[in-house]
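Two complexes follow with chain A in common, the first pairing it with chain B and the second with chain C.
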Partner chain A sequence: MRRSTPYLFLLPYVAIFATFTLVPAVYGIWISLHDWDYLLPGKPFVGLANYAALFDSASPVFDFFWQSMEATGIFTVASVPLLIVAPMGVALLLNRAFPGRTLFRAVYFAPYVLGVAVIGLLWRFLLDPNLGMVNSLLGTDIPWTTGLPWAWISLVGVTVWWTLGFNAVIYLAGLQDIPRDLYDAARVDGAGRWAEFRHVTIPGLRPVLTFVVINTILASANMFGQSYLITQGAPGVETRTAIMYIADEGLRSYRMGSAAAMSYFLTLGLLLVSVIVFRLFREKDK
Partner chain B sequence: MTDNLTRRGLLGLGVGAGGAVLLGACGDDGPNPVVNGGGGDAQPAATSYSGPNVALTFWNGFTGGDGPVMKSLVEKFNAANPNIKVTMNVYEWADYYQKVPAAVSTGNGPDLGIMHVEQVATNAARGVVLPLDDVAASLQLKEEDFSPPVWRAGVYNSKRYAIPLDVHPQGMFYNKKVLQAAGLDPEKPPTTGDEYLAALDALKAKGIQGHWASPFPFTGVHQFESLTWQFGGQLFDDAASKPMFAEDAGVKALTWLVDLVKKGYSPKNVAQDADAIALQNGKAAFNWNGIWNINTLNGVKGLEWGVSALPQIGTQKAAWAGSHNFVQFKQKANDPNKLTAGKVFINFISQQSLEWAKGGQVPARKEVRESAEFKGLKEQSAIGTQIDDLHFPPSVPGIADAMATMDVAVNEAILLRKEPAKALADAAAKAGQILEQNKKKYG
Partner chain C sequence: MSPRPTSPPPPLTGMKANLKGIAWYTVLIGISVVFVAPLVWMLLTSLKTTSEATAIPPAWLPAEPTTRAYQTLFAGGSQTPVLRWFLNSMVAATGQAIVVLVVASMAAYPLARMKFRGKNVIFGLIVGTLFVPGFVMLIPNFLMVDRLGWLDSVWALIIPGAASAFGVFFLRQFFSALPRELEEAALIEGANAWQIFTKVILPLSKPGLATLTVIAFLTNWNDFIWPVYVLFSPEKLTLPPGLATLQGAYTTDYPVIMAGAALASIPVLILFVVCQRYIIEGVSRSGLKG
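Presenting the complex of A and B:
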């Protein structure tokens, strides 16, 4: 009985995890080996053909798939550093004592509360190249949603504005966990502001930082709503992200086998990136 | 699924033939053996229902001004048929087309729905919708009552799956005040390509960019399609097995649109909906938009606007149009009462198509279109004059996948990122591959 106790406690979670994550994930591999439309009676087995098509430049999915992977890559590389650094700055400011601190904490977090549909529509209108308020205030005619690189600037900017509060709150919690006496000790040793930040704050935040970096990378790589609503993938399919294309392929063209293969490819890539990030942060521990 | 319902058994119940026979044993004709029945010889479906009380769900994508009109028709039906209760749910069309097949496959699908003409074949092939030949028989509907292309599009593998409700063509909306400001007659909008360009020149001289060229499906791609047909081309060959939009007519059509931007008749980088909004706030004079725009413009206070047939830019008259169609969805458990009640509902609404027209549509039925009441709806009937020149997206399974590549080409060309011919050729190559794939998939 005693031996089984921990397993019994784990059981509810394992049951949910198995039902909603593990089984569908394995089923997804099975789907990716077929020409799969869930409503057609015939689902011919095609082996690894769906995967091979991703690397065959003559296949109908090749261009679109790699274009979408590139879009996801551009967005991730551009947004992740901003989403790691800017919220940290905000958190450091909001961690200091000043009048109205609670209000500002709420203000920075507020956009995150809004759904992607709300912020997407809002910014699509604000950023409209010919009728939008942003161009009207700036006195410019920048194609914020229909030209490059402007569409990327808009998407990254909107995403940073939207999700900055979330990372900031995580950092803030991390900052409050750093013992005050470490700062006192540093000051006794003659550390300045910068030295304090480098040698006390950053190491103190490391566990939080690992979470923030990985979580932000995964969230950025899964970007869908902003492109879908603000740019609709335009110009051409330049801002159509991998998730957007996979959804198109699987749910609109009903080629679920091909979509599943793409998903697995993307998942493997993200797993690899996550492992690398973990390693980087672990090595620093030594 | 129940297998114990036979055609004869259902007839014995007085339910009618055709679509009612869903899960019968005849599995040889058609790619999906699960759904069968119907056929041209179907008996008429019931036009009234006297069975026990039933509740029906009716899903559609009427999110605009058409939603309240359909809702009031549903209420009217519920009042007239106390033993049938229809509940209507509205989704965005894009969500709707993803949600419905999934709901149907899990047995939670609605009883009734609306589908665009180009979606019918896909959903028939995938076994989402049921044959409705019997409804057509009881409505005594024939091809000549409708716009023939719409009527034919409802047939897949020689069975009818859709009953047309309306056609929604593209028309030319214009802002009268803006035309006046440029010294143009607001009661005589341009009807030919030359007149149109002359009007755009006059507007340009006053600093007005008259026709905002949208790079998005609404409305840019529809304009491209209208123009392709005007230049005598086709989007696909008749069997929809080969893309033809990159041929001469398509290139001419797209070049014409791109030139609007290049010659300064349109601003660059027009975003989604900006073309329609520009007409409303007096920044543009013309907007080729769908007939649903009537309701939107009626809601804009102080706007003086009109609508006419599209000007003839190419060698012949032509305009893009879509069409809403009634469909009945496959259910896991087959309830003959519900099926009958659903057919009674379709029958009822189909006969109310003049009411529906007031919501900003052209009725699918010829007799309604030619009635004095419809002619009294000035805007609708102005667009309705194009009825013989309308072209619809082809109705073959999976066509939307191939048409999506065309959207990309129009987008790239109007945003001046690719030459029209090159953009179209690239898209056509991809569309050809997709059509090939679909042929294998749907047989």
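Presenting the complex of A and C:
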């Protein structure tokens, strides 16, 4: 094998990876240090001013930014526990041999293969306060897409409906990797269902659980399409998430320096949360 | 996927078992209805007249099924050329799946099978980006694409997304698990690295390659935020940003909007039914690295 061989194999991917991941990651920091208006020729260097503005209550972005962070926070806190627990329940239901198992698994997973645009339009229609199926089924006239706290309930509910199957499939694969002699041993020791779950299933799932928790937090903090299509941020800008605001600020109003600073700030926060979650799950290993 | 031992169902016998079995299936079917009913409602609404779509109380089946919504949709007009969007989505998703397949498999091979300087650094960088949230790249990548002259073009949809670490990560694992004997035999016969890659590794990895292709296609087909911001002309849109436009253009003409949603769903639902095993397999594995 020639010394250059491995590098030649890597070259095409690394070229794309460098251009659209590594360089942009650094370029973004550079942008965030400038008053970077896409439409203006001059892009003056402003140091950390874009970051400082996020903490200065007199700056024009302060209120909108923290409003959007709050929205992302509410959505994440409300959706993540449901997206961790409900798929677990479904995975446990499916984790046994019975006729039709594969079919049920596929049915529960099906909404996930549809994009957010499809499920957004579909639920926008079903949840319409005046014409929607949900209100006529319940015999209510709840403002699902325009009032609080209903808009949050809608966004969280739709997201659970949409992505439950994804986490359930991951859990299911994890459950099937737990050696069955552990269950046999537990049963010999006279463990009940709950003790079995607590002392065999949960420890056996730990690596998978770590992945699911971190991945779900990241996905929820990334929420964009549901709000964009179902509530359009309503009422007011209450359900406008951080990503929606960052995208608006950077790619509609073209204030890219400010938007880049916000995205790095949010990333730092998410990194911190991921590390904490990771630690929490590792600690228990000892 | 190798068959795995399933954790044991307690053996049930007699009447109690029957009752339990019935309760079991009732729960499973109940959950299924929650997942399937909205999708069925979408298809049925697309076949209704406008007034029937919003009639109170709502009726499941269209009394007078009509393809009016689809005719309106396909007639389109210059602001909502839906068939064009469909074509754009097909080209972008197919294009990206091919690019991902080629570059990710080439990169995964040396990472799985060769020793070389810088291997750990390169692999570490790639894996590290699995945990970088996508939105950070939104603004700098918009500018990168702008510099390349790719804004409002299909290239913006095909190439940047191929930088995703998932494919390399997934295939590296797949290649690492292959037996080494065939490779060694080929080496003794004087095959070079490229020949081993194309004649031994790739043919042995068909299930892994199929999984990656399907997942890359689905991911691109469904991508929303990126095309919303890098495409501008109505005739350049893909289906997801197109559907958002459709909602604005037809506001309460729900049969037309649902017909659009159905049009975007049908190809992926067919793909899912045909390639279910590969899709579920790919997703299952994404959690197993912990």
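Note that the second predicted complex is superposed on the first by the 265 of 286 C-alpha atoms of A that agree within 3 Å, B and C clash if a C-alpha of one lies under 4 Å from a C-alpha of the other, contacts with A are read in each partner's own complex, and residues count from 1 in each chain.
Everything below uses one rule, namely that a contact is a pair of C-beta atoms (placed from the backbone, for glycine too) under 8 Å apart; a residue touches a chain by one contact, two chains touch by 3 or more.
Because the structure is a prediction, the values reported are computed rather than measured.
For the composite obtained by overlaying on chain A, chain B and chain C cannot both be accommodated without a clash. After overlaying the two complexes on the shared chain, residue contacts for A:Thr145 are found with chain B alone; chain C is out of touch. Touch criterion not met for A:Trp194: it reaches neither chain B nor chain C. Contacts of A:Leu131 after superposition on the shared chain: both chain B and chain C are touched. Once the two complexes are overlaid on the shared chain, A:Pro60 sits against chain B while remaining clear of chain C. More residues of chain A are in touch with C than with the other of chain B and chain C. Look at A:Val237: by the touch rule set out above, it reaches chain B but stays clear of chain C. Once chain A of one complex is fitted onto chain A of the other, the partner contacts of A:Leu40 are limited to chain B, with no touch recorded for chain C. In the superposition on chain A, A:Leu251 makes contact with both chain B and chain C. Once the two complexes are overlaid on chain A, the chain A residues touched by chain B in the first and by chain C in the second are 38, 124, 131, 251.
Note for the complex: chain A touches chain C at residues 1, 3, 5-7, 9-10, 12-14, 16-17, 19-25, 27-28, 31, 38, 90, 93, 95-98, 100, 102, 104-111, 113-118, 120-126, 131, 133, 136, 161, 165-166, 169-180, 183-184, 206-208, 210-212, 214-215, 218, 221-222, 224-225, 228-229, 243, 246-247, 250-251, 256, 259-260, 263-264, 266-267, 270-271, 274.
Those residues of chain A whose C-beta lies close enough to touch chain B in the complex are 35, 37-42, 59-60, 63-64, 124, 128-132, 141, 143, 145-147, 232, 234-237, 248, 251-255.
Residue ranges of chain C in contact with chain A, taken from their complex: 4-9, 24-25, 27-28, 31-32, 34-36, 38-39, 41-42, 45, 54, 56-58, 99, 102-104, 106-107, 109-111, 114, 116, 119, 122, 125-126, 129, 131-144, 159-160, 162-163, 165, 168, 193, 197, 218, 221-225, 228-229, 239-241, 243-244, 246-247, 252, 254, 257-258, 260-261, 264-265, 268-269, 271-273, 276, 279-280, 283-290. Here chain B touches chain A in the complex through residues 31-34, 97-98, 101, 104-105, 125-128, 212, 215-216, 267-272, 274, 277-278, 281, 283, 398, 400-401, 404, 408, 411-412, 415, 417-418, 430, 433-434, 437, 441-442, going by the rule given at the top.
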